[in-house]
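Pasting the structures here.
Okay, so subunit A shows up in both of these, paired with subunit B first and subunit C after.
And then the complex of A and B:
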């Protein structure tokens, strides 16, 4: 689905400042990124602020193109401008800030905008709009004006807008940063369901380790390089390295790692509260209680 | 204490957006709260529960549809001329405050507030230095452009801009949103440090992050549909009101949830455990007592 070979990127025109690109990003570049993402994977990308996560995301749908090396999305070279629209049709993006993504004055018009542009028949658009609004839990707001919604609700509308285009892959750049726990859960359940049910490839950039723990694979970036690549269990076991990279592990994983250091023999692959409660040693402790 | 006028008080505070229109929405519904000097209060609530609307009333950015907001017993909306003074006393740091940085250097940006209040250049200099120190930005940052800083540094510079006005109440709306671990740790540690032995800055922290609440606040208010549905000691709220929190779409910190579920299974973790350090100590002690290690 997505393959890159020695992908490098440098922001070369810092004078051309637009409001949406801040200065710090000019210092972030990508160096020798080699990735291979298959259709149907659920990837979480972790890394501190300025590590290059968002720059990589923008490469994926050809908002930016490599200055060296090559990136293919569904076999299409993103550097070839003839491919740009096909790349963007198969790979939808949801950005951090929903206020920059909503354009219509009524929620359902906003969701319909993408499919309308693709030339989809009206009845099908109607169905997609209803379905996707229900999926993100915003069906009852279909006729509301986006400006009266809260930040979290707006973000769910933005996600519905991308879902309505039925892309092969959705890249979400910290989509839950401003959502409350139930909103986060809904969004995460939504993308997980799309991944499992429809086989849509999900690439989720996040600071929430609990979200990354549910992915099938985790990529960790630092200083524009890809520094770790593995299953959540493999990655979060390396708590010390993660800490050195300025990253967390899920709180229960931190607890398990701490207990192991103290000589308490719990498993070293605990990622959730359920994992912890089902751990062999903890079960013994409960039985003794 | 009941005889003393509270620092901040709301009486039957109600706010309705677009009143009379077909899409009117009651954002605050009869809120009665009291906050004393020196408290550090967390406010949590789901998206759209009224948190941001509430805090914007506390420095009169929004006016009540009905009810009152009192600071030291005085209705802040009674006298228009007093509003400027109120906004100096109640400092509000918005979500993503770094978007409001505007000046050429960090030093100038932080100076803007106090100079605008009519504070002398000399006094402003003292305040700028102190507030930048409080957020951990050393002199090497003074002449930098705010736009050269990292995300976490920018946010701290923006917080310093409000601190330099020496507000009696500091309100922070989602101060850690979108930051990585390091940025979050820095912000939270600096917020905690504002409450040292001799200076107990009064703080309201609005957040979605239960982990932030667990680390910083002592008192917690929970909002839902424009009402305060729970108000108590943070640790007790997490231990005893977990079901209420879950029923309104919130969650307790992961470790607090784990501790509660372990207690339900008869494992004696003490109440009030919300972070991995104390939880590890408690489990180690239990395993030791039972001769399992």
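And then the complex of A and C:
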């Protein structure tokens, strides 16, 4: 689905003098990224601020194209401008700020924006708008103004807007960073249901370790490089390395790791509170109490 | 609940909401033009009745219209004052050293203010009952003939829509920033004009920052959803004139002509 080979990217700034335009280079934002993401995966991308997560997301959507190396989305080279629209149709983006990505002032008009741009016939747009709004549980808000909805609801509309383009993959760049806990839960559950129900590949950029813990694979970035790639269990076991990268592990994993250090025989692959409560040792402990 | 500003859409499903946006836009333009030919108060009353009737039919709360007016009250007063003092006239009502208030001046100011109120409420009826997307479509349609002069009709219409939707967001943002700065001890209330202007700098800088960031993020969001101008775009709600729209167009045109006749002849 998504394959990259030695993908590098450097932001440039045009420097205009009276005679010529030259390009001043910033330091590299992405260096030698090699990824291979298959259809149906649920990927979480972690990394401290400025590690290049958003830059990578914009590459996937062909908002930016590699300065070196190659990136293929569904076999399409993103650097080829003939492919731009097909890449964007099959890989949708949801951004962090819900207020700055809703274009229309009625929910259903906003969801229709993508299909309208694709030139889909009217009846089909209608069907897609109704279906996707139902999928994200916002059907009854179709005629409302988004500005009066909660952050979680706005993000679900943004997801519906992407879904209406019938993508194979959705990239979400810190979609929950500006939301309250219940909004975060709404968004995460919607995304998970899409992944499980429709087999849509999800790439979730997040600062919340609990969210990353539920992914099928975790990628960790630092300084524009891909530094870790594995299942949440493999990644969060390496708590010290994570700390060195400015990242935490989920609180309950941190607790389990401390218990292990202290010699308590709990499992070393606890990621969620349920894992913890279902752990063999904890169970016997609770049965004894 | 957030504040509603002028020009903001109030969703609904009244006859006025459902009316073709082109009919509404042309009707509004016609009404505004007519206002400039109406010179007497019976004409203004006819205009006011027309607006009140439309608002009743649209089921938009009246207080939204009043609120919209409140935000332009200064412009209104300013225009009225200029007219009171600058209109030449014979029939002096009141004078104090070099200030002369004449009957002609007062009547001119009254007419000007009424005209502005009708103009603002009239166009608010349009924007309150028409979603910006529909309005864009209508503006684009009416600008279409200019395309032969290479006028980018779609782009102009899209820019107007985004500008309108951004006003509300920027006002909210301004309020947020002012509160945040006030909490840090900023004082926007006291001092002379210069001091007040200076105290606004810490508001303007973050405001510009967030406006540019919004522009940047919005452009990315639109591009990532395959936006590439007006070409080959289809519509969820294509513009189509129905029988009702034609009837409404005739009624609107008729009412405006009636207002004109009342305003000029009676």
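Just so it is clear, the second predicted complex is superposed on the first by the 269 of 289 C-alpha atoms of A that agree within 3 Å, B and C clash if a C-alpha of one lies under 4 Å from a C-alpha of the other, contacts with A are read in each partner's own complex, and residues count from 1 in each chain.
Please note the rule applied: a residue touches a chain if its C-beta (ideal position, glycine included) is under 8 Å from a C-beta of that chain, and two chains touch if they have at least 3 such contacts.
None of the values given here were measured: they were computed from a predicted structure.
By the touch criterion stated above, A:234 is placed in contact with neither subunit B nor subunit C. Residue contacts after overlaying the shared chain place A:88 against subunit C, while subunit B stays out of touching range. Of the two partner chains, subunit B is the only one that A:246 touches; subunit C does not reach it.
When the two structures are aligned on the shared chain, A:112 is found in touch with subunit C, with no touch to subunit B. Judged by the touch definition given at the top, the superposed model places A:265 against subunit B, while subunit C stays out of reach.
In the superposed pair of complexes, A:153 makes contact with subunit B only, with no contact to subunit C. Look at A:165: by the touch rule set out above, it reaches subunit C but stays clear of subunit B.
Once the two complexes are laid over each other on the shared chain, residue contacts for A:80 go to neither subunit B nor subunit C. When both complexes are overlaid on chain A, the residue A:48 reaches subunit B alone and has no touch with subunit C. Counting contacts as defined above, subunit A residues 144-145, 148 meet subunit B in one complex and subunit C in the other.
Per the touch definition, subunit A reaches subunit B in the complex via residues 22-24, 47-50, 96, 144-145, 148-153, 174, 177-184, 207, 210, 246-248, 250-252, 254-255, 258-259, 262-265, 273, 276-277, 281-282, 284-286, 288-289. By the touch rule above, subunit A contacts subunit C in their complex via residues 58, 61, 63, 85, 88-89, 92-93, 95, 97, 99-101, 103-106, 108-109, 112-122, 125-126, 129, 143-145, 147-148, 161-162, 165.
Note for the complex: subunit C touches subunit A at residues 1-2, 8-9, 11, 13, 131-133, 162, 165, 168-169, 213-214, 217-218, 220-228, 232-238.
Listed in rising order, the residues of subunit B touching subunit A in the complex are 17-18, 23, 25, 45-49, 95, 145, 147-152, 174, 177-183, 208, 210-211, 249-251, 253-255, 257-258, 261-262, 265-268, 275-277, 279-280, 283-284, 286-287, 290, 292-293.
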